[in-house]
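Accompanying notes for the structure given below.
For reference, chains read A, B, C and D in written order, and residue numbers begin at 1 within each chain.
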Amino acid sequence: MPTILGHNQYGKAENRVVKITRDGDTHHIKDLNVSVALSGDLDDVHLTGSNANCLPTDTTKNTCFAFAKEHGIESAEQYGIELARHFVESQPSIHRARIRIEEYSWERIAGSDAGSKFIGSDEVKHSFVRKGQETRLVQVTYDGEQFEVLSGLKDLTVMNTTNSEFWGYIKDKYTTLKEDYDRILATSLSTWWRHNWTGVDDERTPNWNKSYEQSKKHILQAFVETYSLSLQQTLFQMGSRVINNRSEIDEIRFSAPNKHHFRQDLSAFGLENEAKDGAVYWAADRPYGLIEATILRDGADQRIPVDMTNL
Amino acid sequence: MPTILGHNQYGKAENRVVKITRDGDTHHIKDLNVSVALSGDLDDVHLTGSNANCLPTDTTKNTCFAFAKEHGIESAEQYGIELARHFVESQPSIHRARIRIEEYSWERIAGSDAGSKFIGSDEVKHSFVRKGQETRLVQVTYDGEQFEVLSGLKDLTVMNTTNSEFWGYIKDKYTTLKEDYDRILATSLSTWWRHNWTGVDDERTPNWNKSYEQSKKHILQAFVETYSLSLQQTLFQMGSRVINNRSEIDEIRFSAPNKHHFRQDLSAFGLENEAKDGAVYWAADRPYGLIEATILRDGADQRIPVDMTNL
Amino acid sequence: MPTILGHNQYGKAENRVVKITRDGDTHHIKDLNVSVALSGDLDDVHLTGSNANCLPTDTTKNTCFAFAKEHGIESAEQYGIELARHFVESQPSIHRARIRIEEYSWERIAGSDAGSKFIGSDEVKHSFVRKGQETRLVQVTYDGEQFEVLSGLKDLTVMNTTNSEFWGYIKDKYTTLKEDYDRILATSLSTWWRHNWTGVDDERTPNWNKSYEQSKKHILQAFVETYSLSLQQTLFQMGSRVINNRSEIDEIRFSAPNKHHFRQDLSAFGLENEAKDGAVYWAADRPYGLIEATILRDGADQRIPVDMTNL
Amino acid sequence: MPTILGHNQYGKAENRVVKITRDGDTHHIKDLNVSVALSGDLDDVHLTGSNANCLPTDTTKNTCFAFAKEHGIESAEQYGIELARHFVESQPSIHRARIRIEEYSWERIAGSDAGSKFIGSDEVKHSFVRKGQETRLVQVTYDGEQFEVLSGLKDLTVMNTTNSEFWGYIKDKYTTLKEDYDRILATSLSTWWRHNWTGVDDERTPNWNKSYEQSKKHILQAFVETYSLSLQQTLFQMGSRVINNRSEIDEIRFSAPNKHHFRQDLSAFGLENEAKDGAVYWAADRPYGLIEATILRDGADQRIPVDMTNL
């Protein structure tokens, strides 16, 4: 048969692992969606159906839950590193493991006076509301020698209601767009960034949670502070801000759908609708401009796949 | 032909109306999804295809945008009341209008020092991030004589990591569930409540925005403060709290899918996984318990439809 | 406490029950999503948290699976009737059961010659592809005395590329829509119809599967054969066709979002784009006209709830 | 600033282009979702906000609609090739274009006798129902010298109700899975395949529509005819069948979530539930095994990105 097997991987996807930690009466939640993908000496399972080298996907699921109990979850990155190492180092036929994690955040419900009395304290300690803002992302890959850790986020929807323009572009025979000197700029950000930590030698491990919080802060502040002539310009500012402020990060990629807010034409009804007066907009669904870009530390390799920010 | 026309309504659904208000440099967002449904003298459009009595759905869309500009949007309730009154009072063939609105909330992005300098002030005034928590809901119905105003919310996901039990239930031949004295209670709340304001005579109009914030607060606090023996009990406490504290509300209905968090059995791996020690749970998707209930002020009519909380 | 409990119900929702029947080598699939909702003497579970009258939702789930094995699934209606009767008649505290079912259809994969040899026959007997068209719907309600059986479908997307007009409508100050004498009419139908069978006395039980197939056929044929002056007119024709041809059905309700296909204006590029020449259209998402109507057999009661077709 | 710009692209995504062709009274539908991504000399738009080299995403949208009218849509591949060539060859600053297309299929509604009379013919010529099965996929990339054409499909859900086993796998300390000698094998296939046509010299252009239909047929037949010891084995058979039968295709990649159907344990209720007797299964949502593999013609390069089948 003139066909050969190329890249392949398998594992259990979307394990919804929730770990509660009790610190006296004060509880903490880690709420993860964990996907395992393993590669290695797996030709037989494809070619003959022999599963002798195949660790069942069901076992990878069990391992995700057991590790949450045995090792806890300090950060999604740390937990992913431990899982990836385990699969590669415990199974001779598994040569590479990729762990992808989505993390959902919860915040404590603000207490009432009555509530405080009820629970015997000033603070609500085991009641939470899901935050509902961005989803935190992690991908850890381990090949037995080095780790690659990507962190990121998706579905962070932001809007500037002014300080955005778009003009001076190419006009060809199919161009009808009017230039705009005061438009809304809104997007739902997806982004991944790559840490330069590889787990080799005596590198210092990043503080993953702080790294995430700071990276997100820099992205938001660049969004606030950029007077935007194009969404591309804003993305480059966001990426540069992260690279320049976080020495542990070498590369960042964005996928930013332009969430169009079209100023509604109300002139047929005798109504002006200028941005400067506070306007009414139609928030459109499809089509949408989609802007994607990678920003790199000078000298760094480009390794985040082009399509990854859509996952 | 032995068939007759029963209840019917029509209109433009899901108009995504976004209104920016500029108060000097400080901007405000109202972000709505508005659906119009009109009824009246519309037999001909169904029976003969004559559209002489039919206000086009496209016109109802235009009206939503124009009203946002002409009258502003102080609250979704107030805006819905004005739209409903307009359709019924301006068109002889339209006898009843129902306006449904979803509202998405945004919060200001916290400013950095650099950002503050950039924008010439201590505060970020036109940059927002979508809050992503619950969606606020409004339904206004007007029949030319009275208004009915329902408010509510959906997708408010809450979790108590303890203080929930479930035991003492019926055991029949198909029962395998084990009793549980320390379980997670989580749900994604959908709820509508009915105001007793009808717009007739000299009734005082409620402060819609305050009414919403307070009702939500009472629901959350009842969730915090109820030591729960069943989700039904928790819902009744939530509803009672709202009715007892908000004199403008006579009826409230909940639809609460039990977002099951099953304690994972790790005994095969030699691991205990008890709630008291901080456990690992599997957050399941389907199936789920679905609990629905109406709570009423004594003497009030039950008017919120059974299936409405699923919308 | 001046609050009282109104309508309430509970049960396990979205049990994904798949039953394979083997008829020799020929297999058959029934693929259902079953939701149970029970009402009755349940005040205590809400007011005091006593579950003495509460059959756990987990038990209702087990019952769905066990009944599929014990009784088979001849039709979703028959299976729903048996479940509803069981809950009410086996539990004194349960006075009313409502079973909702979605059914997904599969078709056999067409065989190749090689395939036929492989499986030793001319026919592929255990290989299926999901059909992916409409979802079949059933709701059975039983109160201990009578049954009410609703059947229906959702997500049946149909399009007429001509024979649709829209003109002669009201023009008010907010009207900008142009009349159209050759437009696309497309919609994604949701519909429920009510059988007059109640299970009392010696009524003949309908052939549920044939009733469904014939009702769907009449709806589609009315769509084909109606030269449409409004979507309302088309819906009324669909409903009348069902009522007039199926004596077992007394009432039908439609919810039909107008899936707008806007003829693109290409005049800026020197291109005509007339319907008569075969045009290019933009298939829009939101907003959309939403048309809802009930059609009744003369003398029949209107019982299908207004909001039910959105479920 | 020590940051540099890496890979970037932009364009209008999800243009919903519907083209009706009228062949006398007989109409045809092409229903596409078209996404444009352009790369080239675009540093300035990122670094300075100068849009002098930027063709607006709005113009790329207009071009999609205009080309559908000017050139028609014989196949999504041909249409994508024309769009990609246009962007690169008409704009000096655009060096590479990638066009992604989803295509939705429609089938004619079967006519009734009455219908035939109504429309004056034996056939229903302008009435369609959306097929609802798989979505056809195309990606065309052009860099000014060569084309790369990928075709594929997603959401083709298939099930074998027998002839599938899984046993003989690794057992480690976290393994609890029982071996199974008669299980359901079901998956929702996503797949892309790469044509060896590059548009250079006098290569013969494939018949894109026939190539698609035949490739899909081979995939389905391999699914039918493979007695499966693992989903991996089934995927390899599918891919080999396509490569061996379609000389225009050199590479194919699959992403196949294992849609688990777990045989329900009914022993607590005294019920056996063996596969051989026709069993009842629970169709689970998450987690799920996810199996991904590339199959290549011997000697061909591996070019389809690992993450592409998730799009």
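Rule of thumb we're sticking to: a contact is a pair of C-beta atoms (placed from the backbone, for glycine too) under 8 Å apart; a residue touches a chain by one contact, two chains touch by 3 or more.
Just so it is clear, the model here is predicted, and its values are computed rather than measured.
Trainee: In this assembly, which chains make contact with subunit A and also with subunit C?
Mentor: Correct list: B, D.
Trainee: Of the other chains, whose C-alpha centre is the longest way from the centre of subunit D?
Mentor: Relative to subunit D, the chain with the farthest C-alpha centre is B.
Trainee: I want to confirm something about subunit A and subunit B. Since they are copies of the same sequence, is their interface symmetric in residue numbering (over half shared, so same) or not (under half, so different)?
Mentor: Over half of the interface numbering overlaps between copies: same.
Trainee: Centroid from C-alpha atoms only, then distance subunit A to subunit D, rounded to Å. What do you get?
Mentor: 25
Trainee: Measuring centre to centre with CA averages, how many angstrom lie between subunit C and subunit D?
Mentor: The mean C-alpha positions of subunit C and subunit D differ by 29 Å.
Trainee: So how far apart, in whole Å, are subunit B and subunit D when each is placed at the average of its C-alpha atoms?
Mentor: 38
Trainee: When you check subunit D against every other chain, which residues touch at least two of them?
Mentor: Counting only residues that touch two or more other chains, subunit D contributes 15-16, 62, 66, 174, 176, 268-269, 285-286.
Trainee: With touch defined as at the start, can you tell me which subunit B residues reach subunit A in the complex?
Mentor: Residues in contact with subunit A: 15-22, 27, 29, 31, 62, 65-66, 68-70, 106, 109-112, 114-115, 118-119, 124, 126-134, 155-163, 184, 217, 220-221, 223-225, 261, 264, 266, 268-269, 271, 273, 275-285.
Trainee: Where on subunit B does subunit C make contact in their complex?
Mentor: Residues 1-16, 35, 37, 42, 45-59, 61-63, 66, 90-91, 93, 166-170, 172, 174-177, 228-230, 232-233, 235-236, 239-240, 243-244, 251, 253, 257-258, 286-298, 302, 305-308, 310-311.
Trainee: Mind pulling up the subunit D residues that touch subunit B in the complex?
Mentor: Residues in contact with subunit B: 173-174, 176, 268-269, 285-286.
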